[in-house]
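See the structures that follow.
Here come two complexes built around chain A, the first alongside chain B, the second alongside chain C.
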Partner chain A sequence: MKIYSSYSLSDRFLTVYAILFLSFLYIPVLFLPLFSFSESQYMQFPITDWTFERYVTMWKKTKLHDALFASIKVGIFASVISTILGILVARAMTRYLFPFKKSVLGFIMLPMVFPEIIMGVGLLIFAIFAGMQLSLVTVTAGHILICLPFSVVILISRFEGFDKSLEEASLDLGENAWQTFYRITFPIVGSGILASLLLTFTISFDEFLIAFFLSGEDPTLPIYIYGQLRHVKNIPYMLALGSIILIVSFITISFSEWIRGRGMTTKKIYGIFK
Partner chain B sequence: MASTLENIFSRSDSTKAYSLLSPSLLLLIFVFAFPIFFLIAYSFWTQDYVTVDTTLTLENYKTVINKSAYHTLIKRSLVISSLTTLVTVLLAYPMAYYVAFVVKDRKLLWLIALTIPFWTSYLLRVFAWKLILGYNGVINGSLYNLGIIENPLSFLLYNPFAVFVTLAHAWSAFAILPIYVSLEKIDRSLLEAASDLGDSAFKRFWRITFPLSFPGVLAAALIIFIPTTGDYITPKLVGGSEGIMVANLIQIMFGKANNWPLGSSLAIVTMTIVTVLVICFVLISRWLISRIK
Partner chain C sequence: MNKNNDFIMVDGITKTFGSVVAVDNINLEIKQGEFFSLLGASGCGKTTLLRLLAGFEKPDKGRIFIEGEDITYLIPNKRPTNMVFQNYAIFPHMDVASNIGYGLRKEKLSNKELHHRIDHYLELIKLSGYGNRKADQLSGGQRQRVALARALIMQPKVLLLDEPLGALDKQLRANMQIELRLLQKDVGITFVFVTHDQEESLSMSDRVAVMSNGKILQVSSPDELYEKPENEEVANFIGTINFFDATISSINNENCSLKSKYLGMIQTNCKNNVYSTGEEVLVGIRPEKLNLHVNKPEQDSGIIEGIVENISYLGERSHYYVKIDGLSKTVSVSSQNVNRAQINQLINDNKKVWVTFDSDSLIMIKKNY
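And now, the complex of A and B:
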């Protein structure tokens, strides 16, 4: 084990690199909260006068309330539905061998790498063609599509470690399928389900492009923010709002990733990316 | 194990599996396959203000092929996203290597810390770069205060380079995961054997670690190249007129220009080019890697 145990020069170099990499990742994002406390209208750096005013006054914008509420609604529906669908898919994938298994999984995962602009315009065309009114319902449908692959990734990795004999024992002991699910399956895979709900909610809550094409009259929060960013005088308020969103997303995702990772090797958690 | 062999394609298993999959497959058919199908259909139709003429025609494709302004945008999108892919993979590789080989106990913590920014609001992360690169932004402000420049540099924002920097920042975290997984899977005893047999550290990396981690590199390249080619927000916010990409053009066709069929054919052409490039890229790199091995 001599190669790994000694803390060699290259290891030290890599450690420095890792710290630089993390800084590169985080520092640009930190300017958002920093600028949100600036008194100036014009996003000037260095910041000279500080204020907390934006965080107080921004809540007076009633359209913000509507957009926030819209995003929460869409997020809840998208995350719950994609997680339920994800549970079914993960169960089929981890439990059974069946024809075209790989192709079916590939098809379900495809929206994860598909250019959003193409899904966005495709959905717009289809919605109009099918005579549907653009609304939060169409946005939710689009969001379920992009959230599903992530639910599936999370849940497959959870279901894979799941010992089938526990369920068989429960069935042998006379529990019906539903009771077995409720008393055996759910507690074991529960952390995966919670992680999936949190991650997909955040994805939906932060999603811009699909909502941009499909939201019609009711904007979601990112669409509202995007609209406000066009007017220089509104930007400081959006920085304040954005900072809150970033912090909440950050906490939700950290928590989601943490519960999903408990008791699992990292190789397994991210195993789908092979 | 004859019974398991029988089970593999047993009808009941397939039925059970497909009944579990059916809601998701129905969703994908309605929300993914049909929209793409209609997108393709639209690209062969024409539109006159609000009425859509459904006679099949190649007119839109001719327009796309003949208009050099469109070529410029498609080419620029491909160049920017290729460059982004190359740089993010190069940046992410040592990072993934560090977590896989140097970090001992807190691998999960590292991976979470590295990927969280990727999940949080894309729009806001892109906007942050406007604050940094802008006329009164962080870079100009700092340089001015240090006495290095007298007038703000106007070339930082609103050009293809700003798009590239912003995209590389936004996607580098996501490139780490596939590379990390492929590195983590490498059997450590292979590396020890190579060292014992006298390979230098570099040779060991080049002959064992790198080829074995290559599937991860390939996956990383694809999950960055495909979405960034069609990125809309970044070129819109930081690209300016010189930095806009094909997604912005497609959006214009569906918005202001109100020419959905032309927009559709632009989307289809872009998608086709990306698919062909991806296939070529996968084949070539597989061939190259087999030569190293």
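And now, the complex of A and C:
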């Protein structure tokens, strides 16, 4: 009896703890959508009048469209390139022995802990010396640098569990290296690749410091938002924009988790040969 | 092109990994339709040799021929060989049928023909109706059979098996040994089978190559390997053996007279003409070819006197370790427990016994210096 009651007590405590924990994480964020529907210019309680106007007006700002489109472009290029490089690094690290392996990996991972402001300044100086025009291309290059360590971390853990003999079996059964990658390697490590793509896209999408130093005429979305926040009247629109980003992120992450969950489902024979 | 008519010919193959010589100048011929085993302790180079045959490793030197065709540098997907991997390497994201049919993509079969073929091989491995199962829904033995079917459906000239029974429990393993042997006879494909289990290789193979340190010590049929090992290492690796020192006192045609401190004067035939009078040799005898007596038998030669030091009871037989005065190693004697009451009652530790043998059972081996 005693064991039972003490168990349920700690159980209740854990429930309260979990609720507090999640509240701490999410209540601040939820202020964004809440105030985005407020009629008032100022964020204050109580909210008296509700409106949808912020959302409607926001969509008419063409500068915002450009910034959003710029961020998506940068995000796609940065995530795809860093994931491809990450695949190569992860394979090399899990499959081969070579001199200075640990040091090489260490240098690849370093940008993860390096202050971005230092990197941003460094990259800017380098770009100027190299005579490069600051543009979305330089932003993308900078983002690849900071995204790569995350790709590598995700993909190494995925490739480590990958049995080399599966690929050998495929080669042995008559397939070439590309077909083997397509039919065996990719389906098995695919969820890791997708996770890497989504994470690096997200990192690039909300990255501010490097974009701040390296972008030219076209701002990315975070740079644009930062610029807008200097005028108080624009803040409610940014709240609306932030709310949309929040919802899209939520859907994206749920989707990626769903994909990961069904990553290992069986392919039917018809699916493979048709 | 082929130097002789052997089906598989391995000609002076050497493979090193860094400073380790995994396969050391090996020559080997394997006949068509043969069940051939590569036997050795781990690290002896047997798996490397198999991987050289499969094309997963490139040799440093030497050549490999299959049916006269030089395949030394052919990539795995172009070789007439298929492999069953040690851990089976079943594709985890596909069902059983897709695993088995994996290699048929290039043949561009109709769905009907494809299913027909896969069903045929499912039947062969006694897993009819398992086509839609996922890999993780299979037991170890079933996975092993799927791996087998997946390789056999390619109709290879040679099937390479890398310790395929190693992961199975003892009972299943014994069944699979028989099934595998029957299957091999049935399909008529040459099997090259890697194992560290000497019993397994003896019971299944037509011929066995015993390997050690990257070299082949002996290639023989299982019974020759056991009854006529060519050197001490093979004799020790295959089963148990008792060795005694002896000196050749005379050679008469094919008849050797040996003098041994513990065995006395013995006669045995020494067919190969490689021994000389006065040479020191090893004389071996298997434990089951020794007979144990509690009363002194009426014979002058072929008899050793000793004291039982230890007994291990193994169910259908018992092993007796007999201490012989002056000999550091005990002599091991194996005896069938035919009569329930019999031996254990009569023999216990420190009991004085007599061990007899027949000189025909002796194995004479040159000494390694």
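Rule of thumb we're sticking to: the second predicted complex is superposed on the first by the 239 of 274 C-alpha atoms of A that agree within 3 Å, B and C clash if a C-alpha of one lies under 4 Å from a C-alpha of the other, contacts with A are read in each partner's own complex, and residues count from 1 in each chain.
The criterion applied here is as follows: contacts are C-beta pairs under 8 Å (C-beta built on N, C-alpha and C of every residue); 3 or more make two chains touch, one makes a residue touch a chain.
Note that the structure is predicted; figures quoted are calculated from it, not measured.
Asks: By residue count, which of the two partners contacts chain A more extensively, chain B or chain C?
Replies: Counting residues of chain A touched by each partner, the higher count goes to B.
Asks: After superposition on the shared chain, which partner residues are touched by A:L171: those of chain B (first), chain C (second), both, or neither?
Replies: second
Asks: Output check: A:P187 vs chain B and chain C. Expected answer is one of first, second, both, neither. What do you get?
Replies: A:P187 contacts chain C only, not chain B.
Asks: May I ask you to decide whether A:V56 touches chain B, chain C, both, or neither, giving the answer as first, second, both or neither?
Replies: So A:V56 meets neither chain B nor chain C here.
Asks: Scan A:S10 for contacts with chain B and chain C and give back first, second, both or neither.
Replies: The first partner, chain B, only.
Asks: Contacts for A:I244 in the overlay, against chain B (first) and chain C (second): which applies, first, second, both or neither?
Replies: neither
Asks: Let me test your reading of the model: by the given contact rule, A:V232 touches which partner, first (chain B), second (chain C), both or neither?
Replies: A:V232 contacts neither chain B nor chain C.
Asks: Could you list which residues of chain A make contact with chain B in one structure and with chain C in the other?
Replies: Common interface on chain A, chain B vs chain C: 266-267, 269-270, 273-274.
Asks: Mind listing the chain A positions that touch chain C in their complex?
Replies: 163, 165-166, 168-176, 179, 183-184, 187-188, 264-270, 272-274
Asks: Applying the document's contact rule, which stretches of chain C touch chain A when the two form their complex?
Replies: 54-56, 75-77, 81-83, 85-87, 89, 91-95, 97-98, 101-103, 105-106, 111, 114-115, 118, 131-132, 134, 150-151, 154
Asks: What residues on chain A touch chain B, complex-wise?
Replies: 1-4, 10-11, 14-15, 17-18, 21-22, 24-26, 28-29, 31-32, 35, 42-46, 85-86, 88-89, 91-92, 95-99, 101, 104, 107-108, 110-119, 121-126, 129, 141-142, 144-145, 148, 199, 202-203, 206, 208-209, 212-213, 222, 225-226, 229, 242, 245-246, 249-250, 253-254, 257-258, 261, 266-267, 269-271, 273-274
Asks: Quick one: which bits of chain B touch chain A in the complex? Just the residue numbers, please.
Replies: Of all residues in chain B, those touching chain A are 7-9, 13-14, 16-18, 20-21, 23-25, 27-28, 30-32, 34-36, 38-39, 42, 91, 94-95, 97-99, 101-102, 107-108, 110-117, 119-125, 127-132, 134, 136-138, 140-142, 145, 169, 172-173, 177-178, 180-182, 184-185, 188, 191-192, 195, 201, 215-216, 219, 222-223, 226-227, 229-233, 237, 247, 250-251, 254, 260, 263-264, 267, 270-271, 274.
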